[in-house]
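Next come two complexes built around chain A: one with chain B, the other with chain C.
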Partner chain A sequence: MENNLLYHVYFDCGLTTKEEVHTFISEMVCQEDPSQQEEIINQLNDRDMAGSTLIAEHVMLPHIESDKIKKSQIMFIRLANPILSWNWQTKDIRLLIVILLKENEDEQVKKRISSFTRTLADEAYLSRLLNCSDEETLNKEIKKT
Partner chain B sequence: MKIVGVAACTVGIAHTYIAQEKLENAGKKAGHEISVETQGTIGTESELTQEQIAEADIVIIAADVKIAGRERFEGKRIIQVTTEIAVKSPNKLIEKAVEVVNQKN
Partner chain C sequence: MSSKKNREQHLLLFLSKNQGYVTSQELVKELNVSQKTVYRLIRKVNDEYMESPLIISERGRGYRLDYENFINYQKSNNKSQEKQFSPDERRKRIMEELLLSSPKPINIYNLFSNYYVGDSVIFKDEQLMSDELKKYNLVLERKDRKLAILGEEADIRKAIKNVNEIFNTIDIDDLKRNQELNFNKHDVLFILGQIRDIEKDLDITIPYPYNVNIFSHLYILLSRTRKVPSLLFPDKVSVEEMESMKRDYILYPVAKAVVNNIEKYLNSTLPDIEIWFLYQYLVSSRMQGSLAKTSTFSKEVIQVTQAYIEGMRIHLGIDIDSQSIFTDLANHIKPMLNRLDYKIRTKNSLLSQIKVTYEDVFWGVTSVSEFVSKKFNLPEINEDENGFITLYFAKVIVTGQHQRPIKTLIMCTTGIGTSELLKAKVSRKFPELEIVDVVASQNMKTFKEKYSDAELILSTVHIKDEVPIHFLLVSALFSIDDQKRLQRKIEEIYHGK
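For the complex of A and B:
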């Protein structure tokens, strides 16, 4: 199975608010059907409101499972400048790791994603991802499961 | 000390597995024997055995949803938190578990 099909890196993204991030994700997900963007944004907002997706200082992990997602993927969004205020309690966000799971996804793909997710428990690894100075380095650092 | 746990989050693809890893790492680092079952989008993995549950001094449930098989822990001392707590403060959670067990003794 092609690893590169699952992982996408967006480096130096000029997104400045949570709303811009959610819109960006929806645009990437719904390239073939922009009419579905609003639903993706709603789902991301719902997940965000259900509980914090902050997994380490400066790092967020937005994630949804949706029938609007045609292909499961993991997006790395490294921001050009930190989002100083994500919401009232979450500040200074620099890296977003976004998990987008297609509804009724194949079990093998789910297992690959869960294996990848487990790697995010390693704070030293997250710190390396956070401090990559260029896209190539970030791509090399990602533990592609 | 012997600890068992269950991790389960809403979507079942992210916090469940990070919580499991973090709890197991924090528990082992503190010198405890720990096993955490995950109830995620794949289903149940690392399922706890009856023996593990019987021998456990405490149960940690890190969940944002109702877990399956909670009745297995009847009569055991249980700490229940959200996955967010397990992800953000695993060491403190293990310390709390030790505190609770010591209070019991």
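For the complex of A and C:
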């Protein structure tokens, strides 16, 4: 299957708060329908409140499953400048790996996403993702999985 | 060692066992002393350790050991201090001198002249030494202002070994380099060469502490023979015992060769009983290598080993897979029975640590040992031996060989996000968890039915509903703190709380 449809990289994003990040994600997911964007934002907020998605220093892994998502995907949001205060306990965020899962997704796709998340347990790999200096390198790193 | 010193050590070991902070209440309970004494002990330890506090205190949390400092402290603590002897040390040194020259008498004036003590102190020392020597069946005799120690050679050597603490603490690899040990360097090199030859001849390695045991034996043999002609030894070994030794085609020639080498080295002849002494040490050592891998044991070894496994199974209340531990333990029990028979005491330098770290296991082993020595009509099994055996059972517990895996569900909102990541991290660090599935929190109801035998849910998200099984919220980071909490949870589950 084509990796390109599953993985999306956004490099040097000028987002400065959690709210901006959530809005950005929702816009990317449902470009054509603003009313559904709000639903996505709510879900992201709920997930954020349910428990921290910080998976390593500077890296977060927000993830939701929603019927508003037309196509499952993994988004890499590399921030131009760190978000120093995400919330009261999460500080200095530089990279977000967002998993967006379509409701009742095909098992095959779920498995691929799972196997990708498992690779994030490798701290060295995670740190390579975090420290990619340009979009091309980041793309290359991702394609390896 | 005075009880004060013991308490300090106990305190340090207890703190070293606990990675986090320990409250003063816990210390009061553990040490069984008053709050004031705890404060005083901590102040004393910190005062003695000059550079920075060894025990860190924090208001509201308690006490914690600065582990790096602690390791340094232990190292420096082993160094010999200034040459001022406590009464205890004075008696030990005098006793050692007497033991080495036994049965020759030594003038009291010469013995005590270095210590500047009066007659009443000398008199008291004599009494205390006499009491101590009784433990080894030895007699301290006073005649014409001279003292002498009388008794069997085997007992004298045992006493020398126990009196001289160096023999109990040495690291054999350290011997060649360590200047402070005050050993005769030529003797040390010669003996190490002999031990190497033994290992080469038998194609084995003799592990710690048995190598130290043989080293001490040979070192004492050299010291003794230089001071006293061997003909004076009163010990006798029966002809049958000698014959049975000679039938051992493997170890007897080795013992004989080493004694021959010693005779050449000392340029004097030694009685046959020296071969017998050394032979007993070889039989009583645990060896690693081709010769050592025994899986056939005598009936007694099998029964004693089984008695330990069964006794500990009951004491610890766990299933011990006897297959996995039996051969290891039996290979230890076999030489141990020999040590008991020939009263060879192998000092266990880790004993105090073992007692604190595996307290429960140690006391279990102690009571099983009492039972075993009664049932099989063995001499009393001492603390050092109990300490060694404890390690075998501690290993079973630590490696989780006995424990059934805990059926675990890992949960996040989607079931493929943080939970999948957590699964990878958890399964690497906690093999005792059997991860049955990774699930999404919104599907709570369905998986509760599907996995009705699951015992634990690890989740990266809060859940509002009551959960009927163990539940632990962890961060997707799976930080050290999370790992500790999970460890505690696992213990909670195993202990059925």
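The rule we apply is simple: the second predicted complex is superposed on the first by the 142 of 145 C-alpha atoms of A that agree within 3 Å, B and C clash if a C-alpha of one lies under 4 Å from a C-alpha of the other, contacts with A are read in each partner's own complex, and residues count from 1 in each chain.
Note that a residue touches a chain if its C-beta (ideal position, glycine included) is under 8 Å from a C-beta of that chain, and two chains touch if they have at least 3 such contacts.
Not measured: the values here are computed from a predicted model.
J.: After the overlay on chain A, what do you see for chain B versus chain C, clash or fit?
T.: Clash - chain B and chain C, as placed by superposing on chain A, overlap.
J.: Contact-wise, after the overlay, does A:His63 reach chain B, chain C, both or neither (first, second, both, neither)?
T.: A:His63: touches chain B and chain C.
J.: Touch check for A:Ile99: first (chain B), second (chain C), both, or neither?
T.: Touch partners of A:Ile99: chain B and chain C.
J.: Please indicate which partner A:Arg47 is in contact with in the superposed arrangement: first for chain B, second for chain C, both, or neither.
T.: After superposing on A, A:Arg47 lies in contact with both chain B and chain C.
J.: Return first, second, both or neither, reflecting whether A:Glu107 touches chain B, chain C, both chains, or no partner chain.
T.: Touch status of A:Glu107: first partner only.
J.: With the two structures fitted on A, what stretch of chain C runs into chain B, 236-244, 272-280, 362-370 or 416-424?
T.: Clashing stretch: 416-424.
J.: Chain A residues touched by both chain B and chain C?
T.: Shared contact residues on chain A: 47, 50-55, 61, 63-65, 99, 101, 110, 113-114, 117-118, 120-121.
J.: Across the complex, what residues on chain B touch chain A?
T.: Touch residues, chain B against chain A: 10-18, 20-22, 25, 38, 40-42, 64, 82-84, 87-88.
J.: What residues of chain A sit close enough to touch chain B in their complex?
T.: 47, 50-55, 61, 63-65, 99, 101, 105, 107, 110-111, 113-114, 117-118, 120-122
J.: So in the complex, the part of chain A that touches chain C is made up of which residues?
T.: Residues of chain A touching chain C: 47, 50-56, 61-65, 99, 101, 110, 113-114, 117-118, 120-121.
J.: Inside the complex, what are the residues of chain C that reach chain A?
T.: Within the complex, chain C touches chain A at residues 412-418, 420-421, 423-425, 428, 438, 440-442, 459-462, 473, 475-477.
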